[in-house]
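One chain, subunit A, appears in both complexes that follow, with subunit B as partner in the first and subunit C in the second.
On to the complex of A and B.
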């Protein structure tokens, strides 16, 4: 038999043209259709699951060769193929339309892909997204959902704090096992950072909302407008529930401790993105929440949040510059997001550290003063080149500034509940993700400080398993 | 959804509204606030609490018809209708304990609500309570039953033009009280400009002063940093670290300036709303 020929190049996914997308918040990437998805899936050499490096690279260990195989096996029946593929994905990850869009696949499942050694790695992220989207559009997901509805008879009750990636995953996994789960969410909508932080052009809210509808169908109750630590305490939750999972994320923005930080039109990325994404300020005054953005915006930082803020500001009609204190190679944003930002006309300035915000006579920002930085050969513990100030300064005009230099955990809950925490506010957990309070587990940015959606989901899933064990033990010993 | 159980005009500008929000009512403590979202396209607005009744699960609020949301709320929401979201309680409660002679001063809607709520708790804690409520004039003053009078051992109502009660501002009455040597702590709420003057007055006499620092918020939980203030040289968030702060440590000029950040947008929203109602 002839050896199958390796196809080195990826089947590309179409994208909305730049001139069209910079004017609106519609999604940039258009995704695969069945034929092109199949062609891409056929490039996979099908490493056996026990060895497959992609599965190991995925924080929630989706059976990637398995779902690609399912697609290939029913090439002549797309609906059946997608249903089988989705079943495989859902076993490990119930939010594939989200992860297929926002995961840094290039650093995770796609990084160790064997095909990557000879050509392009399999486009796993876009394939995952295709399966989720196709299933949703055809109602296949609704049909499949019935298979995942579990009997909840007397297994136990779990409270989940925070409806972001960690909490949602934990809740959905526990619901699939048959637990009765209640999510407590501080905002008026579930989704956490997926809702307030990630713009429509990367993760359309309608798609997110369809993913969230699974909660109700799997019997998970969501109590919005509940601020755990204020509305209800963790202690009270423990009286009513067998276990508690904390997935409160890292909600507090780091601000720059430099002169002028209180000037008008200096936003934290969180405020800017919350106004735009969650409150739809880009549709003001049809929606009531305003956003004041000028003509020249400087975004400080170089992570995905900085890219999201920059591209959102661009869509609000501004000229946008991203200023980063390190060099291009040290930017932490996904390559795809940096590429999109560049294509759309975001400018980049490197080796600049802000030292002062300069205001006008009305207290509104008008410029940012930066110190020029110089890279050294020496590297820090993350492998990035160290930088030093040069003593030279440059001032760049700006009528709006967005600070996207990171987040730290919100202290409301830690302070109210007496958890053992690190100095940065992250909760201390054991190897089973249990906090210093027995029966209370935690995951995601609440323990990591600042990470990715998929790592939070990985924690949610791991915690769900640990909670299952914990409750079973507790009931057995009762 | 959170059902409206009472609604009543307070004066030509302010109104009272009671809403079912048992999750807030059971946990609320003086000094804390709520965030309302009147409908799905609404904005998140922080609101002071006049009372929170654990038994009925209802909270009472004083609201000023000032911007688009409050006009919309007054015009289009009646008893029996529901609000889309009521989140809370938020903020840090004030320390309710025995201080001695406690004065609460207020000259605007949020302060008037807290004047009642805070003094009630302070009286229950054994303090001698003094309330001073200032209104602009008779037309802008509240009906008797909504005043803080019943929870105060000593009560003063002033109007700036003298058309009801004493002529003058709370600052005038407070100064007299202080000079009579009977004030251990002052709490205050209302106009930011007055609070700045209050801070200057009580600093002179060395009297501890705790006031509500009103700032523009989005989430109200410490997530966005919109309500940041300069406090004792440090950045604090009014929603999470406040909203009540030591008035002597607040950088008032900055707070007052930051409070007007969205004036232009507020006017656009109000105009857009009034036009849609055919008012303008």
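On to the complex of A and C.
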């Protein structure tokens, strides 16, 4: 047999030119068409599923070679190819249009890809996205959905708290198994961070909403405006449902405990992004929610949230600087998004820790005072270099500041329900993701603290399996 | 979607909405609030259930027409229409204890938030006096409060048509401060509670402080989600940053950093005015269109 010919370089995906995209919130990356997707899929060397490192790298274990093979097998019938590929993906992940866009593939499925050792890894994320987008545009997903609708008679009822990635995945997996699922969501729209946190230019809300329509088609009920812990308690849910899944995330912003934190125009990234994404404040006054962004914005932090906030502020017409207390190589944001931010003109300042916000006579912020930091050789628990202050200070002018230094779990639920929790507010769970309250499971940022969309989805999926076992056992012993 | 069962103008710029919202009606306690989003492209605003019926599943909201969203609600919503979103109940309930003799003050439409708390305090065995200070045509809930508490005092200030609204409001502040001083001089109270504009809360607090009476205030910072996920409503209380939506809205008036709070409430004044002006333009256009 002839040795397979390796194509080392990935097929690129087109992007909107910088000068055009910084003026609006439209999506930056335009994705593959069928011909280019096929070309990229053909680079995959088709490792056997039981070995394929890409599958192991994916937190929900999508059969990646399987869906790429499905594309290749029907090269002359795109609709059929996509339908077969989507079926393979949906077996493990019901939100591929989302994950194909927002996963840090470079750390997950694409990191161990064998092709990455000789050239570029397969562009798995963009291929997953292509399958989902093409299927949606041609209505193929609606046809396929019928195959996944399960009989719900008598299997059981499950309440899911929080309609973010963890809760959505748990609900969809349980619905596919035949459970009757109700999601309780505090905000007026489902989606969690996908709706209020991640901007349109990375994840268009129309696409998200179409993905969320699957919930209804699979028989999942969504109750918005329900704040579990206030509107209804976990105890009450347990009386009505066979099990409960908590996917309430980590939505409380950490703020800096330094002078001036209450000055005008200092936002938490969560407030800033919620106004922009959920409330569409960038369309004010067509939309009623206002947002006040000046000419010079400083974003503090260097995770994905910081990139999203910086690029959003840029699109509102500001000059934006990201200030980070560590160095370039310590940034936690996705490589692709750091690249986008740089292309779009976001400036970066490293080794600066804010020590004071300085205000003008009207109580508006006018500058941020930073201490210059210096890295040490020693590393912390997460493998990042430790830093120390140098005693030198620098003051940078700014008329708006956005704080993106991290999030922690919301305390409403824990306080109201008496869960065993860690000091940082994350819920304590066992190996089956069950909390200290029997029948109540939890996953995502609610147990991990701030992590990623796909890890939350992995937890949602794992919890769905555990809930299925739990309910089966309960019914067998009843 | 939450159906409007009743809607009526009960005083100048004060609209009464009785809304079907069983999830809130079932759980709400005095001192808690809801977040309402009335329109598709609308904003989220905090409002307070004034009355409720747990069995029938309704709540009453009384809304002061203050800017675009409240004006749109007053103009565009009809009985039978639906409010898109009502999330709640939110915030902590008011402390329900036997404090003794209480003076509960409501400035303007703030009295509607005082109502459920004062009523519950009275029912618990407290001796509650309520004080409502507002413009003459804006008196609301007079009969209801007279029935609910030991004594209800209404102090009104006429609207001087030659003066602009902010100047007129200064007269309310003046009367408020005078009346509170007069009442504290005449009788001793165990607790003062107040709902109203932050500037007025501070002015009253300055008087109460002189008498050394404990005071609580329901704060009204800007809110977005109302569930503790953004910190828009942050306030400094006792030197610590608190989120009014989850740690409040009621705080010890002696611990609140009043000046900071007053500054924060004016953050969006320009944009609020712009939103209102654009809305007025739309109404004018619609009126002109109707005449043709």
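Assume the second predicted complex is superposed on the first by the 477 of 478 C-alpha atoms of A that agree within 3 Å, B and C clash if a C-alpha of one lies under 4 Å from a C-alpha of the other, contacts with A are read in each partner's own complex, and residues count from 1 in each chain.
Just so it is clear, a residue touches a chain if its C-beta (ideal position, glycine included) is under 8 Å from a C-beta of that chain, and two chains touch if they have at least 3 such contacts.
As the structure is a prediction and not an experimental result, all values here were calculated from the model.
Engineer: If subunit A is used to align the two complexes, do subunit B and subunit C fit next to each other or clash?
Structural biologist: clash
Engineer: Would you sort A:152 into first (subunit B), second (subunit C), both or neither based on which partner it touches?
Structural biologist: In the superposition, A:152 touches no partner, neither subunit B nor subunit C.
Engineer: Going by the contact rule set out at the top, does A:290 touch subunit B (first), subunit C (second), both, or neither?
Structural biologist: both
Engineer: Go through the superposed model and pick first if A:91 touches only subunit B, second if only subunit C, both, or neither.
Structural biologist: neither
Engineer: Identify the overlap between the subunit B-contacting and the subunit C-contacting residues of subunit A.
Structural biologist: 186-188, 223-227, 230-232, 251-253, 255, 257, 261-262, 264-265, 267-268, 270-271, 274-275, 279-280, 284-290, 292, 363, 410-412
Engineer: Going by the contact rule at the top, pick out the subunit B residues touching subunit A in the complex.
Structural biologist: 23-24, 27, 32, 37, 41-44, 68-69, 84-90, 218-219, 221-226, 228-230, 235, 240, 254, 257-258, 261-262, 264-266, 268-269, 272-273
Engineer: Flag every residue of subunit A that touches subunit B in the complex, lowest number first.
Structural biologist: 186-188, 196, 223-227, 230-232, 251-253, 255, 257, 261-262, 264-265, 267-268, 270-271, 274-275, 279-280, 284-292, 363, 410-412
Engineer: Note which residues of subunit A are touching subunit C in the complex, please.
Structural biologist: Where subunit A meets subunit C, its residues are 186-188, 223-227, 230-232, 251-253, 255, 257, 261-262, 264-265, 267-268, 270-271, 274-275, 279-280, 283-290, 292, 362-363, 410-412.
Engineer: Flag every residue of subunit C that touches subunit A in the complex, lowest number first.
Structural biologist: My answer: residues 23-24, 27, 32, 37, 39, 41-44, 68-69, 84-90, 224-225, 227-232, 234-236, 241, 246, 257, 260, 263-264, 267-268, 271-272, 274-275, 278.
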